[in-house]
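Please read through the structure below; I'll follow up with questions.
We just call them A, B, C, D, E and F in the order they show up, numbering each chain from 1.
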Amino acid sequence: MFKLLFVFAVLILNSNASVQDFCVADLKGPESPAGYSCKSVTKVTVNDFVFSGLSAAGNTSNIIKASVSPAFAAQFPGLNGLGLSAARLDLAPGGVVPFHTHPSASEVLLVVQGSITAAFVSSANTVYLKTIKKGELVVFPQGLLHFQVNAVGFNSVAYVFFSSSNPGLQITDFALFANDLSTKLVEATTFLDEAQIKKLKGVLGGTG
Amino acid sequence: MFKLLFVFAVLILNSNASVQDFCVADLKGPESPAGYSCKSVTKVTVNDFVFSGLSAAGNTSNIIKASVSPAFAAQFPGLNGLGLSAARLDLAPGGVVPFHTHPSASEVLLVVQGSITAAFVSSANTVYLKTIKKGELVVFPQGLLHFQVNAVGFNSVAYVFFSSSNPGLQITDFALFANDLSTKLVEATTFLDEAQIKKLKGVLGGTG
Amino acid sequence: MFKLLFVFAVLILNSNASVQDFCVADLKGPESPAGYSCKSVTKVTVNDFVFSGLSAAGNTSNIIKASVSPAFAAQFPGLNGLGLSAARLDLAPGGVVPFHTHPSASEVLLVVQGSITAAFVSSANTVYLKTIKKGELVVFPQGLLHFQVNAVGFNSVAYVFFSSSNPGLQITDFALFANDLSTKLVEATTFLDEAQIKKLKGVLGGTG
Amino acid sequence: MFKLLFVFAVLILNSNASVQDFCVADLKGPESPAGYSCKSVTKVTVNDFVFSGLSAAGNTSNIIKASVSPAFAAQFPGLNGLGLSAARLDLAPGGVVPFHTHPSASEVLLVVQGSITAAFVSSANTVYLKTIKKGELVVFPQGLLHFQVNAVGFNSVAYVFFSSSNPGLQITDFALFANDLSTKLVEATTFLDEAQIKKLKGVLGGTG
Amino acid sequence: MFKLLFVFAVLILNSNASVQDFCVADLKGPESPAGYSCKSVTKVTVNDFVFSGLSAAGNTSNIIKASVSPAFAAQFPGLNGLGLSAARLDLAPGGVVPFHTHPSASEVLLVVQGSITAAFVSSANTVYLKTIKKGELVVFPQGLLHFQVNAVGFNSVAYVFFSSSNPGLQITDFALFANDLSTKLVEATTFLDEAQIKKLKGVLGGTG
Amino acid sequence: MFKLLFVFAVLILNSNASVQDFCVADLKGPESPAGYSCKSVTKVTVNDFVFSGLSAAGNTSNIIKASVSPAFAAQFPGLNGLGLSAARLDLAPGGVVPFHTHPSASEVLLVVQGSITAAFVSSANTVYLKTIKKGELVVFPQGLLHFQVNAVGFNSVAYVFFSSSNPGLQITDFALFANDLSTKLVEATTFLDEAQIKKLKGVLGGTG
């Protein structure tokens, strides 16, 4: 009887040979609107599904006293096509993740150390603001402007999770001031003063 | 034979009685993540699928010399659940639709009068800017910051179309300055000067 | 301080290097069920997001006195994967876009010149018919039969927008009469008379 | 130890109390673009997931010598929201399911008795036609025109399955001739002769 | 006039040249999260949309007295991207398809011969069990454990249909016992006795 | 000028009045396949988007020495419709989350304390197993069997995030042994010995 059973196992296993449970990103293959190409299953290992890049603190020795380390499909190939990704936020005292959006994902934030003041703004311009502590969660609905600020005098750490393996990240200040969009057009489309724009362009490396 | 055929027609029609080809918004029913509730098919008329609200020019006698008139599912109930909506832009000379995003939709813009300078900024902070004329199209990918500016000395008109029946609209200036978010937090999360923030809060009706 | 800020800008920009905001069609790469392959971001320019092909009138010197000019992802690569596309309809006096469907998209039509009588038919065989004027919109729910007819004695022009970057287009008459499906099968599956079928096959280039 | 385990079971069960594995249609509740409202889980029984309505042959004593019996969400509530539905086709000798589309679903057909000639037509007007036998499958891609004809001199039976719980069904002849769309408009939008249209309107109960 | 019409036909056909109605799997091209690459339309024939592999009975001379023959996109390329697939179940007397799940699809089962006892278990651990006969349908909601058992003393046959062209198939026993997961870990994560695990590992070819 | 601007602000705000950025769950309204009904925006506060229920350790004084605390849409209404949810795992020394699946979501796990051995099994029965430490991530693709085991001699804590606001949770042992499915059917569909089944039914409260 055992022999028969083994034959059965082989048969079923064969019929499963072509089943695609996941699509680990092959970063060198063609991309489609649905994500990266799939790595051959024969080359996939458990390490494609594990990511250690967020275990160490990011470098907060910068002007925002903060860092954002992504674990999107490009960094963590096992996420490709699964509708999930992550990032780590490190906020030194006074640290800030400036106003930004994720064009194609909602986000949940978990505080794992310290305390963070977070807010998002709705299309109706209502501010939803709260200071949350270790172990608490806050959700930012898709595409809306939001920010995070350290609420304590020591390092805070949060992990965030997105509803897409490629959520995107658009930091408003960088979109406005860190490129070659002319000061005149920025002025016309933001109502900011020329001097303010030129100042921030200078700081963020923008031209024009 | 005719009689038999007629019976057949009735039978088939009956079997179709429950088919749902569309879901015209019942604005008073419960909403779900997929959109508004469906109006009873027996109450649906062709007028639910037609919208005249964009045929007249919007009022551009305002500080931006521009107007945006939406035809989302809330205004045009026939669109509910169909993954499409529209809006009309009127731009007087000097008119501007300031930097904004649509949190859950891509957008295609068609110029029908005059000429418009439009741009969007990618996550990599690259500016994609072009002046387009009557009959030309430009696309703004989902969730990215973009703006439109009149490129001529007379009225320009454009119609825009979205990949959602509820695309949302978040005007960056209003999100930052037209609410009660404290000047201190705006300053921390935008790098703008306090004076600049207070000035725009004053103009746009913000407090705090 | 400025130097520090600049470093910050570079860091963030680097972390964005792999973000995919859009997927401009590479028409020569492999296609997937989600659309065309993505062109390398380094080769993308603003011209990929702009389309001028619908600014001139189509040729209406044909039997239907009408033309349909598509701006689908194949013509307008920037649309790929964004759930949107467009087309221009030109209708000379007496012009008609015959009964047709778009297999995978809903459609919104905007009249920009003249007036058009449009209708769609639901699964329950109800006709939703209306004559709309310049600036008005009508929506055709996904997959349903619809047509457009010029309602005035001069040229009418409309732009249509779809909820897919590859909406498809199936003109009923062409599907029935412009191929090699045998007259006998057409007769059996449409109830049309043999003579009628042969006549239209002759006109539309069908055989069999 | 047993007691502890039982406590554990209860705890986990409670935490699952709100999980929604399915959404059996409550045909009297509000509908959304995603389908019918969900029946309370406490009222759901196995009979909601079983459907016997397709086990008997449909009545083929009609002009098409065929019948189509649907098992969509409206008939088979357990399918609601699951992206699947079914129908049974009975084809007497000479039986025909005329040209039709399903506006929002692809379809797979399985012959369980006899033999059927089936075809669909692509947007490029190519005909994909084949006669298939018992146990064979044919797929009709979403929204495309297709038909089925009995290929043998005795009753054939097929079951079809759709990629939506509300696939819709639009029979071309009924859409064109079984309503009040004026003969003049049908003529203009189909190229059919007036006499042909009037004849079929007469047969199928159309007016105008 | 005929000449003009023919020109029209050619024009329209050309404009359709790039329309993608379907995406027949090219099993040798790159895969994306949305499925296989598309075969060139010029190489597609009707045979890509027809599948004969389920017309013969599967081999039930094995320990479960049953066989499962898949018609997923890998076997039936025309299904790729269409959100549908199928399989055939053959159950000899005493035949069983053991507890299993389809990770990414709901399933509808149709009995075409004999009678089958089927059940699924919900997240709340409720069993939905029913014996169904020829011509009856049962639905298994996405991802839930279910099984099928022959309910009669002769061969039963069923066809099943899935809401994905790659539904996956995970047979619980094989997942637990037919690989190298250590007996200790299986014991810890299933509460089964060591002897039981070792017995089934032996039968199903597992190690560790 | 200020007055004019204020008017503008009001106009734009009005036009946004109907925009739906989120759909906070109204747990008492009707449910649809897309999730819970939306709470009226006028009743939504920031507290709908914040969840504190996972900040305290769960009770691990049970047979598995572990607890799973969900933050699905039913517990955390702000998640409704956003394609995200979360849970907290507490694992005392020797703690185990037994083999289970989430029928409609992929999952990312973050270790925040201690170390955890996690594994999932693919459709091809391959085991992907790894012990991960604080700050590391592992992903479990949709619908596949997986487990978590404490890898250290003190309490480990993890937070998990799902690609659905209603991911579901099916614990294999509970599905098999904690209900009234007859021992005979469990035996037939799992190959387990009768004594083993009866033992676990006893422990987990099953009957039959």
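One rule holds for everything that comes next: a contact is a pair of C-beta atoms (placed from the backbone, for glycine too) under 8 Å apart; a residue touches a chain by one contact, two chains touch by 3 or more.
All of these numbers come straight from a predicted model, not from anything done at the bench.
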item: Equivalent interface positions on chain A and chain F, same or different at half; value: same
item: Chain C-chain D separation of Cα centroids, rounded to whole Å; value: 26
item: Between chain B and chain E, centroid-to-centroid distance (C-alpha), Å; value: 42
item: Distance between the centres, which are taken as Cα means, of chain E and chain A, whole angstrom; value: 35
item: Distance from chain C to chain B - Cα centre to Cα centre, in angstrom; value: 21
item: For chain D, residues that touch 2 or more chains besides their own; value: 13, 16, 19, 21, 30, 32-34, 82, 103-104, 122-123, 125, 129, 141-142, 144, 168-169, 174, 178, 203
item: Contact pairs between chains, per stated definition; value: A-B, A-C, A-E, A-F, B-C, B-D, B-F, C-D, C-E, D-E, D-F, E-F
item: Chain C contact footprint on chain D (complex, rising order); value: 96-99, 101-104, 117, 119, 121-123, 125-127, 129, 141-145, 147, 149, 168-170, 172-176, 178-181, 185, 188-193, 196, 199-200, 203
item: Interface residues, chain C side, partner chain E - complex; value: 30-34, 59, 61-64, 67-70, 72, 74-75, 103-104, 166, 168-169, 171, 174, 178, 202-205
item: For the chain A and chain F complex, residues of the former touching the latter; value: 13, 16-17, 19, 21-22, 41, 45-47, 49-52, 54-56, 71, 76, 78-79, 82-86, 88, 106-108, 110, 112, 120, 122-125, 128-130, 132-142, 144, 159, 161-163
item: Chain B to chain D touching residues, read off their complex; value: 1-2, 4-13, 15-21, 23, 26, 29-30, 32-38, 80-82
